[in-house]
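After this come two complexes, each holding subunit A, first together with subunit B and then together with subunit C.
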Partner chain A sequence: MSAATQMTPQRETGRKKRWFGRRLRGGMAYGALILVCIAILIPIVWVVLASLKTRREVFLEPLGLPAVPQWQNYTQILETAFPANIANSVIITVGSVVPMVIFSLMAGYVLARRVFLGRRLVYVVIVLTFAIPFHSILVPLYRMVDALGLLNTFAGLILPNIAIGIPFSVMIFYSFFRDFPAELEEAARLDGCSPWRILFSVVLPLSAPVVLSVVILQTVNVWNEFLWASISTTGDEVRPWTTGIMQFQGEYSSDWPRILAVVNVVMVPLILLYLVSQKYFVRAFAGMNK
Partner chain B sequence: MAELELSNVSKRYGGLLVVPDISLSVGDGEFVALVGPSGCGKSTTLRMIAGLEEISGGTISINGRVVNDLEPDERGIAMVFQSYALYPHMSVAKNMSFALRVAGRPREEIDSRVNEAARILGLTEFLNRRPAALSGGQRQRVAMGRAIVRRPDVFLFDEPLSNLDAKLRVQMRTEIKRIHQNVGATTIYVTHDQIEAMTLADRVVVMNNGRIEQVGTPAEVYASPATSFVAEFIGMPPMNLVGADVEGDALVLDGGTRLPLPETLRTLPASHDKVLLGLRPEDIAPAGHGLDMAAPWSLDVPVSISEPLGAETLLFFELAGKEWTARMLSPRPVAPGERLSFNFDLSKLHVFDAADGARIN
Partner chain C sequence: MASTRTINRALRGPIFDYIMIGPAVVLFSVFIVWPAIQTLYTSLFAEPTKGGAFIGLGNYREMMGDPVFWIALRNNLIFILANLVLQVGLGTVLAAILDRGIRRGSTLMRTIIFAPLVIAPVAIGVMWKMILEPNFGLLRQLADGIGLPFPTQGILGDPYLAFPAIIGVGVWNYVGFMMTIMLAAMQGISKDVYEAARIDGASAVQTFISITLPGVRYALVLCGLIVIVGSFKTFELVYVLTAGGPGNATQVLGTYIVESAFLVFQPNYAAGMSVIVLLVAILFGSLQVYNRESKVKT
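Let's turn to the complex of A and B:
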């Protein structure tokens, strides 16, 4: 009893130290997260505020609030080619991401779950293509698309986007399907499912988190794609917003408030997409380290 | 219902032969348990029967029809997995009816079969729930329901109770037995738990290293184990096994202790042959604390450990360089080191060949 009594102050001190350590670590983690959030949010807030300023204010009062919010910056961009550019971007993004996800999902599934000769080699080749910088294939890609007569067409923008996006998407699907419970597929085989039915009735409904994650990542990539669009489009018919934004940039001056208004408008679909599917997005990436 | 026949079935993964050669006949409506330690090939054998693993040699027949090259769903089998393998995105009713829907059965037939299986398994009130909203035991029942609605020729169970806690396992064991009695289907049940195998099965198949060591009723494999492996694997606590030499009318244990050769063992091989002697814990008891013995032989030894279990106490002692286990009925407290006079029922001795472990007597 006396021994226990003597131990109590030491235990108490130890417990306090542990409690203080936990609080300190928690506080430091929150502090770091708050700093990261501020670092991410400041440019966004600046872009929103600057889009409501006059051209003079952007340079004279770069950090201040707009004296009078210039809402006409937003209405005026609607009178340009911008709406058509946005529509083109939607066509290019949907046309690229949908087939990209379908092909990558099937490829990732087969590479992860089916045994066939050369399976590993195919996967390694796909991973290696991911490692090739896009800039290094620009010239041959341009010549190929030109030879096919696809310059300045939706197909000429969409097909390279699909090809470039597939390796990364396949890698994500491959990682996910490697951990997919084999018993579920075996149970489906016993239930009489064909491989296609297993994929669409059992595997796909359970893959929503990873599918949505790939959709988000690739939508962001394609939506913001500039380099290939700037090289392969010359006319307004298929021009996406990333190159269309240059209409607000003159040789000697740029209309920054309208450029930033465009930036704000094009951010909205991505933010909405992320808000709708963030639960799955986080779940998919949290699950990948298992 | 159906008969199942495995003839010289083998399985090879590359250069690794995991099931060398298995032959087994299972009768119509019979409940057969494949039991053995981890890695003995029992699950591989079951998966070969299911068609989830291709066989490397031999034939598998169900009702006289060779099913080697048939897809799993064409074999007339249903399987209950260790992990239940329920589709998480489907309700209980949809899980149970999935195979029938894939097969394109009429809606009325599907509903009637699902409702009947749900009634048998007590799942009627859970039909609209998802598996995540069920307890372990309920999920297990859904897995069984999924098998029942298919009305298969053969039921396959792959360690179906391993994920349940001890209490639920006992409950579900009874449930499986009851369902088998009701449905009466031919059943192959894989387990590493000998109690499950002994309590459920009409016949037990003991496997080791991809081979069948013995096939028999639970009573047979317990009373007359065919090999020293079966003797040690079946029974809890396991049989006491010790090396010995046959010298004329005596058995000399390793270490020199001599046992008189009982009448029942007069036909043992010539003298000086090395054998393994086996005696179950219930055939060794302190004087006055065991059953009547036909050929008792006594020895005073100090007890090293005693494990009181309530109705009986397990006593451990050293003899011939081995730790022996004895069962003490009507127990009294025994202190470690206390010398007791143990009676050994030599009429119950099991004798195995020391070289290959095969039963001699």
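Let's turn to the complex of A and C:
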């Protein structure tokens, strides 16, 4: 009992120390995170603000608000080739992502669920090729597309984009379907459903989240693709925005607000898309960790 | 009758399988696998402009004596080491703070830190090129504002500062990616283990080292492999920011391959370097899958 009474004041100071330590740690934790957030945000905010400034303002007041928002920086873009480039990018992206996702889903499903000759081989090749970057196969790819007469065509841009996205998409679908409860399909099979019916009536309706993840991830990939486009297009007819922006930068090199307005036009929609579908974005990007 | 049944059975069996897998297999065989094999094959021949004879490992011997190849390879390796520390290390610490260190605002901060990942590498290159521009760039103005000296040829024009700057932009771009992977792994650790550690009087750092880190080991390996593969995938950022310059100080294999193939017109020499990138992508890419599968098993 006497021991207990002696303990009390010590415990008091101990608790106080711990409370103080927790406060300090909490403060440091917030401090570190806020610093990182500021470092991430400053360049983005600078771009958004600078795109609405005069050239003088960009150079003299880098972080201030624009005195008068210069919306003509944006309207002037309309008179360049840039809107056409954006339209081309839309065609290339939709034309690549839709078939890529359909074909990858089909392949990922049978790889995960069915037994057939060559299954193992296809799986191994996909595992071996999913990390291959464009620049490592660029020359033969260029020669092939040239031989097919597809340079400077949408098909010449789209086909390699589909192909390079397939292995990774197949792997995401494969791991999704491998964890998909087999009981549902088994029940349908016992009811006499063909594999086609099972796929369309049982599996697909339950695959919406993973389809959305792959669509988002590959839309970002194809929309942002630069290297293949810069090699395989020389004219304006099919040029996507990624190589268009480099041209724009070359033409208007000293007109920063205008270039940054162009950067904004491609950056802000993606950030907004990210904000509204964040869950799928994060899941798509972290897809390898499932 | 019998033949309809056979067709029917085939439609439910192998035909279904091959129709399903066919388009994907044809497309990636024609446009990825075949060019990859061609890359390996053409790397054994002299340049078309020099007769194109079979020279065995001649292109690889030339690579061994090419200082720019070594600069590029060295930069790729520096990229890996720097990104292991800065992207994976910082990403892990940020994830731990978000997971255990704070109670409010973690969603907002996660959203902000992840955001640069959705911006196109080309756009990131263009905007950072202006931020780092020597006369009017944001960084120059901030440095002037607090009285720091600024290199006259700019950061990207300085052979010693250009590559660290590219690394810095890469960290800005990707730290949220690593953080997200690590955070997902940390949220998988049972809260009971942390509670037990707290009762035993473990400090925050002790808890991090003896519970959090072992709990996320597969995710750490995954991040490491992504960094390795990502380093050899790097192209746009370097191309837009410095195009490999000044001199060849910031050359990486990606930019040097493209330059050799399409500016200097040495496609078969470029193919030799491509083979190295292919081998790294195949080896570490498949390790990534292996790592994931061993995680699923345990």
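Odds and ends about this structure:
Here is the rule we use: the second predicted complex is superposed on the first by the 215 of 290 C-alpha atoms of A that agree within 3 Å, B and C clash if a C-alpha of one lies under 4 Å from a C-alpha of the other, contacts with A are read in each partner's own complex, and residues count from 1 in each chain.
Just so it is clear, contacts are C-beta pairs under 8 Å (C-beta built on N, C-alpha and C of every residue); 3 or more make two chains touch, one makes a residue touch a chain.
None of these values were measured; they are calculated from a predicted model.
Look at A:266: by the touch rule set out above, it reaches subunit C but stays clear of subunit B.
By the touch criterion defined above, A:154 lies against neither subunit B nor subunit C after alignment on the C-alpha atoms of chain A.
In the superposition on chain A, A:74 makes contact with neither subunit B nor subunit C.
By the touch criterion defined above, A:109 lies against subunit C but remains apart from subunit B after alignment on the C-alpha atoms of chain A. Which of subunit B and subunit C touches more residues of subunit A is settled by the count: it is C. When the shared chain is aligned, subunit C comes close enough to touch A:256, but subunit B does not.
On the side of subunit B, the complex with subunit A involves touching residues 50-52, 71-73, 77-79, 81-83, 85-89, 98-99, 102-103, 146. For subunit A in complex with subunit B, the residues that touch the partner chain are 181, 183-184, 186-193, 197, 202, 205-206. In the complex of the two chains, the subunit A residues touching subunit C come out as 25-26, 29-30, 32-34, 36-37, 39-44, 46-47, 58-59, 62-63, 99, 103-104, 106-107, 109-111, 114, 116-117, 119, 122, 125-141, 143-144, 159-160, 162-164, 166-167, 170-171, 175, 194-196, 220, 223-224, 226-227, 231, 242, 245-246, 249, 256, 259-260, 263, 266-267, 270-271, 273-275, 278, 281-282, 285-286, 288-290. For subunit C in complex with subunit A, the touching residues are 11-14, 16-18, 20-21, 23-25, 27-28, 30-36, 38-39, 42, 93-94, 97-98, 101-102, 105, 109, 111-123, 126-128, 130-131, 136, 138, 141-142, 172, 175-177, 180-181, 184-185, 204, 219, 222, 226, 229, 232-233, 235-236, 239-240, 254, 257-258, 261-262, 267, 270-271, 274-275, 277-278, 281-282, 284-286, 288-289, 292.
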